[in-house]
Each structure stands twice: as structure tokens, then as C-alpha cells.
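Presented below are the structures under discussion, each in the form of C-alpha cells.
Note that chain A is present in both complexes that follow, paired respectively with chain B and with chain C.
Then we have the complex of A and B:
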């Protein structure tokens, strides 16, 4: 018998949606054990963890995808909005339900490894599934940003998504015709891109994603860019060239990106731009 | 829901904070002080209090008073927001607390109240500037504002303002030309907690003084703080290991390094990378040491959950 009052899980999900999430799902904390390495499982971060609440949202709007200037998507990041929802849910769980709640920090403890994989959390909470392009896609809304809260509250958990968003019907048809999909075609690993994969019977049976290569393209104006220019500037013996490096457009944009971290999340969206499943099912005029 | 004052529906909106004097008054008969507080609490503040501008005059040097910042200022409204959740305090991985994200909702609450004051009462209202402009000195002290608004008192622990109900909160304030009735300062200081007074009687120290004798020292007399010393510079170097200071330190070492290979190692090191991340994600990397607050009993009842 649940220790929570009736309707608690539904009320929490309702609060998440009202706070701005597009979707909210709940995973069993133990479900991570067979997928996540030690120290990166819910109970490693919060002793006694029983559930993981996952919210998705703050995605690019249909208008952002339709904009003709690539600078729009490069500088419209809104991940901060979904993280704010996660933080508020953590506070709500503690103050309203009386259970411990840990907002999973969006940063990393070291290197590129997150404290808890938000992509795995979204999958286990039934609000998304992995795509050929890498990101977890929600079947209704497509590409979303994610935030998660680990809690000791025994919330009602959701099952995994039954119908995966990827590959979309249009991509399956394209595969039958051309042996590729929009995302694989726009960024093929065999031609200097990041992605590769294979469909059989309408399902992905092999995927390949070159994360380091993708990282250098998606985060061109981020901390890596800063470090790169700093090293070059210090290695440059010519004072005039050094000045050009430091006042150059690349370094200036990098400084903007570091300062406005929440609005300069990524600088490449091509695999998502061409993905029929990434933009959600709602059609606009 | 189990503990909310308004039942399950409270989760769908923003609940009423339990420590919010007088905000339960129906909107139609609410005073303007109650109305402003309700706006702040609904916007995410945990507590809201009010101080008069006059209260700052005897404690603050000229140039740092509210009416030096907003001519004609009459009142200061202060919002306190939550810090880490109880779950974050329990995390065995210290790195989570080091970069655990904050909502900083007190800033949102202050802006919501500013908008409300300007629209509803036609008086000027601005967020009080609080980021340091010279060294560690802010244009206006949020700690003093919180004290004068009756939201908390200074503690042994780095002189952090403790709210008697919630302990550690983060504060923001607004300055307005609207005259408002102030809240009285707390009649009893939040620190030392009765448990700490008893501990001091037994062994001559308190939890915070014992956990960080490097930064803190003090004495208790008649159940109150008699003397208190806080080594701010030492604390700063420990509490903010990633941030502007660490960036400056690492950059200084990098530009002074003549060997390109060593320089490269320093530039791409985990320390420098995390320092840069701290600059970008400032909300997530506010502090890297919480030990004096970890052991503080004030507000701990809100950290004891299931």
C-alpha cells in the first residue's frame, strides 16, 4: 500500500506541467541499476532513493525551427527554464510530501560525465526514447530538454514509451528508398559527420554517434572555444596577431556564450532540424 | 497532499509559505503590506519582510543606504529564498552540493513585487543592487536588509543570516518610494540555537565553531553571542574554490608559464575547466563549502524528512 496520499503522483505531474514542463514521467530508482555505472545511480546520490521524476520541455519553438537565420537557434537556448521546473519540483516534494528530493545538477562532476544520465532517466520514465541522431525524443513533442529529481517518495512509476518517436514513418520510407534517413544524410560519419546507423523492418538495429566530434561542432563557442583561443593567443609571438585573436569574432562570441550560458547552449542543430519527429506532432500555420 | 495548508490543489499552484506573517488575509481586505508579501510568496520567496529606510541610517555609511540608491526611498522589502533541498544535504557525493543549482527565486520574487508596487500603487520600486562593486563590498547589504526586515539574525557561522524557522536562506531586496509599515526585528536571535548553547556549556564550543575552527571563533554568554570572529578571506578561498577568484588565479599561473606543453595542460585541466563552467553557470556554482551550515541545527527540522 502506498505511503503517499491518493492522487499525489498525479498532483505532482500537474504541478510540473503548470510550471512549464511539456511532459513529466516517473522512473523507478532501481531501474537505473542495470544501465548506469556505480556512483551514477539514484541511490548513490540520495540514499534511500525510490523514484526519479523527469520533466522535459523548454524546447525550440516551431518558429525557431522555421527561422531562416541559423543564429536564432544558436542563441535561443532555454534549458534554464526546464531546470527551474526541476528545482521547483524538488522543493515541492519536500515541502508538500515530506520526502527527500535531490535536484540533479545539470553540470558534471568531472569531464563530460553527468551525475545522473538525464537521457536514461527520460527513457526509464517513459517520456522519451533514443533516436538515430542521439538525443532522446518524446513521441508527442519531439526534441526536449530534460531535468530530473531523485526522491525517496514512493511515487507511481511510468512504463517505458511504447511507441518510439524514431524512426518516424517518413524516415522509414526514406530508408527503403535511399538506405539513409534525414539525420544520417545531413551528418554522415562516413563523410566527416557524426552519425551512422541501420534500419531493419522499420527499426534501428545499429546506431553510431561520434560524441567527441559532435561536441566540437555543437559547442563551438563554449568553454572549449575559450580554452583553444587562450592557448593560441599565449603561443602567438606576434603582438598584432595576438590582439586579433583576442578581439576576433570567434573569441568574442565565445565570451558571450560563457557569460550567457543559458542562451548559448548549442551551435549545431542540423540532425534535429531535419528530423520529422523532433518538432512534435502539433502543426502550425 | 500530506502537509500543504491548502490540500492537493496547492500543488497545482504556488503554496502559501507557513512563515509569512498575515498573508492569509483575503485579497479584498488585505493591506498593501499583505498584498505585496503575497505577491512575493507566490513568486517563489520562502519569507518576505519589510524595513523602513530610516532603519538603515544608523547602521550604514553614507553612499550605501537605500535612499542613496533610489532618491525618495521610504521602504525596503526583503525576500528570502530556499537554498539546497534536504535531499541535497544528504547526498554523499560532495560534488553535488558544490554545483547544486539554485533557483534564486528570491530575485524573481523581488521583481514580481517591484512590478506590483509600480502598477498597483504607482510608486517607484527597484531591485536593490547586491553584487560586489569593490572587493567584497556590495552597494547595499542584503544581510543587513534581512535583519532589519525581521527575517533573521547574524550567526556564528560566517555571520550568515539565519531565519529562525528555515535557517539558511538566500536574500534579495527591493527599494521603493512607497511608505510601508515595517516588520519588527526578531525579538530573539536565531543563533545560538538552544542546543548549541547547551553544547557550549558542556564543552565550550558549538557545532559550527567546532567544524571550522580555521574560519570561525566565538564565545557564548548568557545564551547569546558574546564575541564572534569570522575570517572572511580564508572562508572565501574555501567556499568559492571555483569561480571568478579561481579563474583569475589559474589564468595568472597560465600566462606566467613559459613552457607551451605545461601551459596546455593547465588550460585544459579539470580545475580551469570547472572554473570556466562556474563563470558560465554561476547559479550552479555559488559555493563549494557548506560545512558550518551542514552542522547548524537552526531550521534543521525542515531537513528531516522521510
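Then we have the complex of A and C:
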């Protein structure tokens, strides 16, 4: 294979933005080695991987963040829009540049473990940094969904973001005043939530995260909820009580979700809704 | 033959260790280990560790926690509505 033509990286990024991405960055595939365990690194998925193209976008609209209905908020997670951008870039790299390109599958490799950490990819590609609540935030756009393409193409890589979006100035002030932040206050591990952490010299330090509990909130009506009710139904000897479980609102709503009849993959946004850094810099009225 | 099925006794014996070592409960002082790394640590085949982790991820919390998730989100939405609409009365649920 030949080296890339001049301007190939810039042209690829431009194509990503035209296809609907809010941001596009490129990470060195080897940079994952320091952070990700073996089998979760780019070269484990695509031998000879040299770069990882990361796109972010498809974020919830400002109106979604302002919604007062749980059922509406549970439909905000529309990751497939950014995944289609990732797929398009993979095709472009192979057809236009002549290098292998592997679209990182958005599902899981096993259980709740992803093939490749898209959050780490976004950090290494310089398009976001980790927040106290967990999600990677872009300093301009806030909370985004991510997609990545691993490629053998030697693209020009980006450095990490210099200015982290988290903690926002308002959160630093709140920490000084109350020793908490909006995200820690809304979902504290000490009171049945998922998060614990602190601000230290103006930096966010997350000290604890309960992923299984977060799963019950983010994926209430999803795979886990389906398995739980199915188990309960199988263990229920009374046929009328079984019917109440299987025909009831919880299971019905779960089936709508898992069959993609009503797209809702991520279903809890409370830590992000209260986050001053999550909604981008553009103000609406 | 069927699919690979974990022995329930093996699951019970190693569930807590696998949960402690994997990425489920994340702490600042250590990175969660991969299944292969946990397998070395516990002296188990990797496939067994993967199965233990997958079952344990779902088994951590009972179905009640899913109901609590709904209550949590309903409450958070009510508080948000009360704040956004400047209507403190909205903080209360439909049952008062």
C-alpha cells in the first residue's frame, strides 16, 4: 500500500462533518496500549491498525433536555445517527484511500463489555474528555454520542483536548459552597445512586461508579429489564400473575424498546441534564 | 450438547471476586481487569470468567432496582419540571 496523498486526513474530517458529525478526531492506534487491556486495543480487532477515526454527534436536542416527562427522556438516545457516519467513513477509507477500515461495532463483545472503549477513543482523538459523571464531553458541544473506525491508514493524529469541559465554572463554585456538584447531587452512590467523586485543585476526580446500578437506569427497558422480568415470569407458578407481568406496562415498554419499534437505547440522562458542560455553548430561548 | 452453561456452584464461588476485579464497580485506585486478566488472577479458564461476569452483571441487583430506577427518573423529572416551570407543587408525584 502507498502512503496517503496530501490532505487526505483533512478531506476525511471534512467528509465526516458533511455526513453529520459535530466533531471528528484521529487517535494513534498505539496510544490505546497504555490504557486498555489486551483484546480491547485497535490492533486486536484489526491487525496492522495505525489510526482510529472518532466521530461525535447526534446529541439530544435542547428541547429534549428541557422535557419534563420520563418517557420522553427515555427516547433521547439515538446513537444510530452517528453510527451511520462511522460506517460511511469506513467505506470512504477503503474506496478512496485504499486502506483497511473496520467500523467498531456499537454492541458489546460480551455481557456489558464493549469491543473497544469509545470513550477512551474520543479522549485519545482529542474530541472530548471524561466528566465527573462519566460520559466524555466535548468542550464545544458537550454530551455527544460516539462512533469509531479503526484503520491501517497512517492518518495524521490529534492531541488530547487541552481544556476539559468538566468541571464547569458553575460546578467549581458549587463545590466551594456545598462540597458537591450537580451530577453528584442528583445521583449520589451514598444515597442509592451511581456516582461518587470530588473536585481537587479544580479538576474532577471520580472515585466510584456503580455500573450495574447505572445499567438499571440507563437500560431500564432494555436487555437487562427483559431478562429480569422473564426470569420472574418463569419462576411465577400462578398463570394469572404471570399474565400481569408479561402484559403489564414494564414488559410491554421493554419490548417496544428491544425490538427498536420505538428507538430508545439510553434511557437515563439525569447526571447529564443537570451538567452545565453537557449541553454545548449555544444558548436557546 | 447445547450451549456453554456455567455450573451454578462455580458461579456462586467466584461471583464476588469477578465483580470486584472487573469494571462493574469502578474505583479510582485501579483499572478494571479484562476477563483474560481475571482468569489469570483467579486461576480459571477465561470462558468461565466471561460467563461469571455476564451473569453477575445482571444478577447484581434484583428486579426491585429496575422499579427504583423508574421511581428515580420520575422523581428527577418532577424536580426538573418544578424548577424549570417555577412550580414547586410539581415536585410531588401523582399520589401526593
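Simple rule for what comes next: the second predicted complex is superposed on the first by the 278 of 285 C-alpha atoms of A that agree within 3 Å, B and C clash if a C-alpha of one lies under 4 Å from a C-alpha of the other, contacts with A are read in each partner's own complex, and residues count from 1 in each chain.
FYI, a residue touches a chain if its C-beta (ideal position, glycine included) is under 8 Å from a C-beta of that chain, and two chains touch if they have at least 3 such contacts.
Here the structure is a predicted model, which is why all the values come from computation and not from measurement.
**Student:** Answer with clash or fit: chain B and chain C placed together on chain A by superposition.
**Tutor:** Chain B/chain C on chain A - fit side by side.
**Student:** After lining up the shared chain so the two structures overlap, which partner does A:59 touch, if you call chain B first and chain C second: first, second, both or neither?
**Tutor:** A:59 contacts neither chain B nor chain C.
**Student:** Looking at A:181 after the superposition, I want to know if it touches chain B, chain C, both of them or none. Which is it: first, second, both, neither?
**Tutor:** So A:181 meets neither chain B nor chain C here.
**Student:** Looking at the overlay, does A:98 come into contact with chain B only (first), chain C only (second), both, or neither?
**Tutor:** After superposing on A, A:98 lies in contact with chain B but is clear of chain C.
**Student:** Pick one for A:213: touches chain B only (first), chain C only (second), both, or neither.
**Tutor:** In the superposition, A:213 contacts chain C only.
**Student:** Considering only the touch criterion stated at the top, classify A:12 as touching first (chain B), second (chain C), both, or neither.
**Tutor:** Only chain B; A:12 stays clear of chain C.
**Student:** If we overlay the two complexes on their shared chain A, which of chain B and chain C does A:45 touch? Say first, second, both or neither.
**Tutor:** In the superposition, A:45 contacts chain B only.
**Student:** Please indicate which partner A:78 is in contact with in the superposed arrangement: first for chain B, second for chain C, both, or neither.
**Tutor:** Neither chain B nor chain C is touched by A:78.
**Student:** Which partner does A:110 contact after superposing on A: first (chain B), second (chain C), both, neither?
**Tutor:** A:110 sits against chain B and chain C alike.
**Student:** Scan A:234 for contacts with chain B and chain C and give back first, second, both or neither.
**Tutor:** The first partner, chain B, only.
**Student:** Using only CA atoms and the superposition described at the top, report the least gap between chain B and chain C in Å.
**Tutor:** Minimum C-alpha separation, chain B to chain C: 6 Å.
**Student:** Identify the overlap between the chain B-contacting and the chain C-contacting residues of chain A.
**Tutor:** Of chain A, residues 39, 110-111, 227, 231 contact chain B in one complex and chain C in the other.
**Student:** Considering the complex alone, what residue numbers of chain C touch chain A?
**Tutor:** Those residues of chain C that touch chain A are 23-28, 31, 33-37, 50, 53-54, 57-58, 60-63, 65-70, 72-74, 76-78, 80-81, 84-85, 90.
**Student:** Going by the contact rule set out above, which residues of chain B touch chain A in the complex?
**Tutor:** 1-4, 8-13, 15, 44, 82, 85-88, 90-93, 95-96, 99-103, 254-255, 260, 263-264, 267-268, 270, 272-274, 276-277, 279-281, 284-285, 302, 305-306
**Student:** With touch defined as at the start, can you tell me which chain A residues reach chain B in the complex?
**Tutor:** 3-5, 7-8, 11-12, 14-15, 18, 39, 44-47, 83-84, 87-88, 90-92, 94-103, 105-107, 109-111, 115, 150-153, 222-223, 226-227, 230-231, 234-235, 257-259, 261
**Student:** Under the stated contact criterion, what part of chain A meets chain C in this complex?
**Tutor:** On the chain A side, the touching residues are 35, 37-40, 66-70, 73-74, 110-113, 186-187, 192-193, 205-213, 215-217, 220, 224-225, 227-229, 231-232, 250, 267-268, 270, 273.
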